[in-house]
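Report on the following structure.
Chain nomenclature is as follows: A, B, C, D, E and F, assigned in order of appearance, with residue numbering initiated at 1 for each chain independently.
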């Protein structure tokens, strides 16, 4: 399907030409370099009722991620593992193009890409979340709530999810299962998304850039420089060389973002 | 949202003027006084397969309420209480403006207002509906089925629900749990609804009156003269004095309606 | 509701006249006699991951039926019986008039008519599918997947369902419940469908014939010549004599089809 | 059909558990014009069944894409109230209700002059308030009256009636226990004047001869029910005049 | 209301569990213009509540059949984030949210000059990020600011405020524990200048006099909240100029 | 990826559990034009996968609001039959199917001259009848044939192929056990003539060099598969002539 929901109306041809002209001079609408992401602010512990939470401001894009931790039954084929489940809601307050109703394909793709990064990057040690093997485990609900959509939700959501998990506690005392303890986060997978505009590739596209991009690529890498997840989007294509270049840039940018996610702390004491 | 579903097409300006003119003379389309409700007939035991039932005819508005009583698990936070659940269906046979499909906001509001009256008025002693604490309790399903819609569903539904509960038995013998017994009804909360038309306030509005009303107020009071629930609707407003007046009238009318609900009995012997 | 989904666009009046003219000469668009069905090919064991399956080609109509066998809880009122459940999907690849989404009334009718034939014909001995009375039984899921729609889905689906059941094993070993064994099929109910076109009645209507038919009648008979299910459809009527004639023809044709279903075997060894 | 049981459905005198003879109908009571808002309406009590129907239309069909250029569409919606059966029925149509709505719609359409009202819908709402087997045929019977009450032009009334088999005997008009524990059920809808068959379903196990007997029985009873329909219509329209 | 418990909600000094007097509001903080994409937006912290609202419109109402020929439709959508409450809330509107969205829509419409924008919708999204009782009245209060921020013409601001009864005492602005274990709650929405009542609900058990006292309390507090609204708007628009 | 297990996926001779070398494809068989009603269709068997595809369009896009003024929309719908997998899959799209449908649609659109058919939809239905890992890439491969069969103008065919990592070794075209117990999977879709990448996903854990090797492997295999596609098309169209 087309990317219509993510296109904030028709960007006039003029805007397209303008962005392309800037790109040919090595710069972008908001003055950034191609491999430069927008200002990133992460406020952990934003929602006290959640077991973990983080408000992410990536430029003007705002995403709130919350973690709830409850008790449930493990899946039959993984009796010795906790459960991770990720959900994303494109709340209609975030954009004139988001509509109320059950998650559409954009929200589902967003949730699944965020989930894949966390899961395949083994961010959480799910084996430490078993209460009684085969019977009772902790379920980790990661909910992504988009508040203001100015482009690149994949990264804002991915940062929010990781930060909220880092912020989260396991509420053992509520169930008389001993003291609360920090959720066992063991890896820090970080996504970085790139857009292809004409022949240029830019990191962290804003809404205007997304609207005229032909292709999109998200690469999630961890603190060891391994790749955990990739997702290409839109109807354009990448060359082999472009993909290699994007992967390399994602590691560099990811390392910087990881510091911000780990360093920042607001609200709750950790 | 607007009250479009409850508006049976456009009432011509003429009708509006006519109703207003009558009001200025202290009377109404069907000749009633402002604080007078339509003829009310309640037939208990109408549906033999239900554990309790009542057909309500309020003027030309017809509502059938049925009670089913089944066994289920209590909510974790109320292990020593039975469960009450109320549902309303605006069956499309009742009005050209009702459409098939899952309950819309009107049906949900109706069910919740009826539920609130019964629940907050403690009509049923839910603590007497426990079979095995924390494990097994009686679930009381109250289903409101609107058959003919000529205005003021809140009251017709509320009367039906209360009458059906009074009519209901707990089918203990079916589950080999001793003899059947009457559902323990301990209070008799009764809603009365008022509409504001121009500067007049009338009780039990019919469909024509509802169609031109600016505001609606339902007050549920019990046999001790206590208030258990209120619900204001539509986009008009009430003054403080109007609200006080409505509350007082609701107690007077409620007392009379309560007698009809308690007195009437048809079909099943109680 | 009308049969619009099953009508592949408007068949021109011309086509109607043509079919009627042929009928008056005792023949049909594809040269068949009135009581002749199209070429029927059944490939059992088509899907290896299913416990049983059959691909049915009835003329150009293609239906794939699959059987999955899982463990579940019996219904409270039949604690000593396994469970049979039948579902049909009119996959949108099968016709320009099928739309994605949950099953519509055509798919539901199709599934229920197929189900009725199997169930009322006691094709499966459900009492042999109990693992632990009242606790654990085998659930037989019959799924009908329509791949190419050129008319008469009832029969193609019915043949596929029966053939897939004959092909099916109960995967006991997977659950450490002993050796796998063949699903206990004890009767062979076979549906045959007729269409009324003008005053003629033809067996196994193709899409063109269905499009102009006024009434439809499906009769399911078993190997003992008993009738197990009937379903009349469309807004035309049958006379009493027509119904008797259809029932008789359905037994004759059913007997031949039964041989094909029982005889054919492909893929899995049985 | 056919939960096995030891219940005897026919006694030594050949009588059924409710005392009826094999070819005897349950008591039937009909009333026309029972609702204020509907264009036409009717109510039936048939044995333990209580069913109310309303007709709206012909009215502009909505949503527009369901309109047909050359005729009215007939949309019957069969629905059971949650409290109409022993175990509470969850609101909203289940698969059975969807199928019944479809075959009832088709049966009703067979008598309506749909070509008179292109682009419209004729909506027939059948609400089962209390169920006791045979709801679909009772529903068709009463829907036919509601259509007449709404002034929809029809070439005949339509009568629903079922026959079946219990304890090996072909009987008319199964009640709930007979339906639960019997061997076959044959619901039919019949145009009483021409004897055309507009609805025909069957489930269970019957020989050809048994089925024939069942159909004969239902077709004969249809004439009786037809007379009651006429009476109910007369009563309404006589009272009015 | 009213899970029974032994929790004392008012201590010997007449103070509530969070130290407030009976007629004392929780701390309230509002900010206008907090979102980039919305036509208007505002944020409120009210006790432990954190609520963000956005307004879109007036814009062409969609789908078309909801359009009204002579006025704008006001569609408020009240929604709780899954992590806003102790037990995770499943995404999507539950029945409570549907009802609240309806009464909030009606309350907001009472102040908007809807007749100026026929065929349009004014969409108000109220997202509860953290919940602590009184979300509907806090939501109305902050929605009113978002409407003002979007430049929607209104005849007044609108203020939400609740009062209730705990341990037999009428109090203002219940918090979560008071809401869970108290005896009654009366959420209201008030037009502060004319003192008209645009939303009024009640549940629990109150005598006539208690209810009157509760309404008086809420109406008085509304004036205080109104001043805070004005301040929040001034702050935004002074900064801008 | 990556349920831990003791299963050895590569033996001492460097062979995989189905006997393949690391860079060896499973057997592939394709057939074009297999359905009567569709505008274009094709069927593939790839290892244990059996997938059938149909293309409808370009046809007027419905519902109207999805139409785009300057191009056709490409709507692929990936769907698994309930009996295609070990544990019965409930009918209807799950979240995985929604995501796959989206990325497959985007990949297919990259080769179609969509600007030729404004306001239309090109609907591609991919039905997995039997699943054995790699369904999305097999689905793209066969969908490409169905598009060609439907006469949709494309600038190239499109080939799906995956590589991955098992037991620490980079391998081509994972089968089900390798997918369940392996360490990484990289599904790709490639335009074989220009070597452009139209679909790229990855999950698991890989170093940069491993990923590069996997991509190289898949891109090389794409040329082989491309030849098979051409053969399948030739076979259909030679037979026809």
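In the analysis below, contacts are C-beta pairs under 8 Å (C-beta built on N, C-alpha and C of every residue); 3 or more make two chains touch, one makes a residue touch a chain.
Since the structure is predicted, the reported quantities are computational estimates derived from the model, not experimental observations.
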Steps in the shortest chain-to-chain touch route ending at chain D and beginning at chain A:
3
On C-alpha atoms only, rotate chain D onto chain E and read off the angle in steps of 5 degrees.
120
Could you grab the centroid distance between chain C and chain D? Build each centroid from C-alpha atoms only and quote it in angstrom.
26
Quick check: how many Å separate the C-alpha centres of chain A and chain C?
48
Between chain E and chain F, what is the separation of their C-alpha centroids in Å?
51
Let me have the rounded angstrom distance from the C-alpha centre of chain B over to the C-alpha centre of chain F, please.
57
Just walk me round the ring: chain C, then chain D, then whatever comes after, in order.
C, D, B, E, A, F
Any idea which chain E residues touch chain B in the complex?
1-3, 66, 68, 73-75, 95-96, 98-99, 101-103, 105-107, 109-110, 186, 191, 194-208, 211-212, 215, 219
Residues of chain C touching chain F in the complex
8, 46-50, 53, 60, 62, 64, 66-68, 70, 87, 89, 91-96, 100, 102-103, 141, 143, 145, 147-150
Counting only contacts in the complex, chain F reaches chain C at residues 35-38, 41, 48, 50, 52-54, 56, 59, 77, 79, 81-88, 91-92, 123, 125, 127, 129-132
Interface residues, chain C side, partner chain D - complex
1-2, 4, 77-78, 105, 108-109, 111-112, 116, 119-122, 217, 225-240, 243-244, 247-248, 251
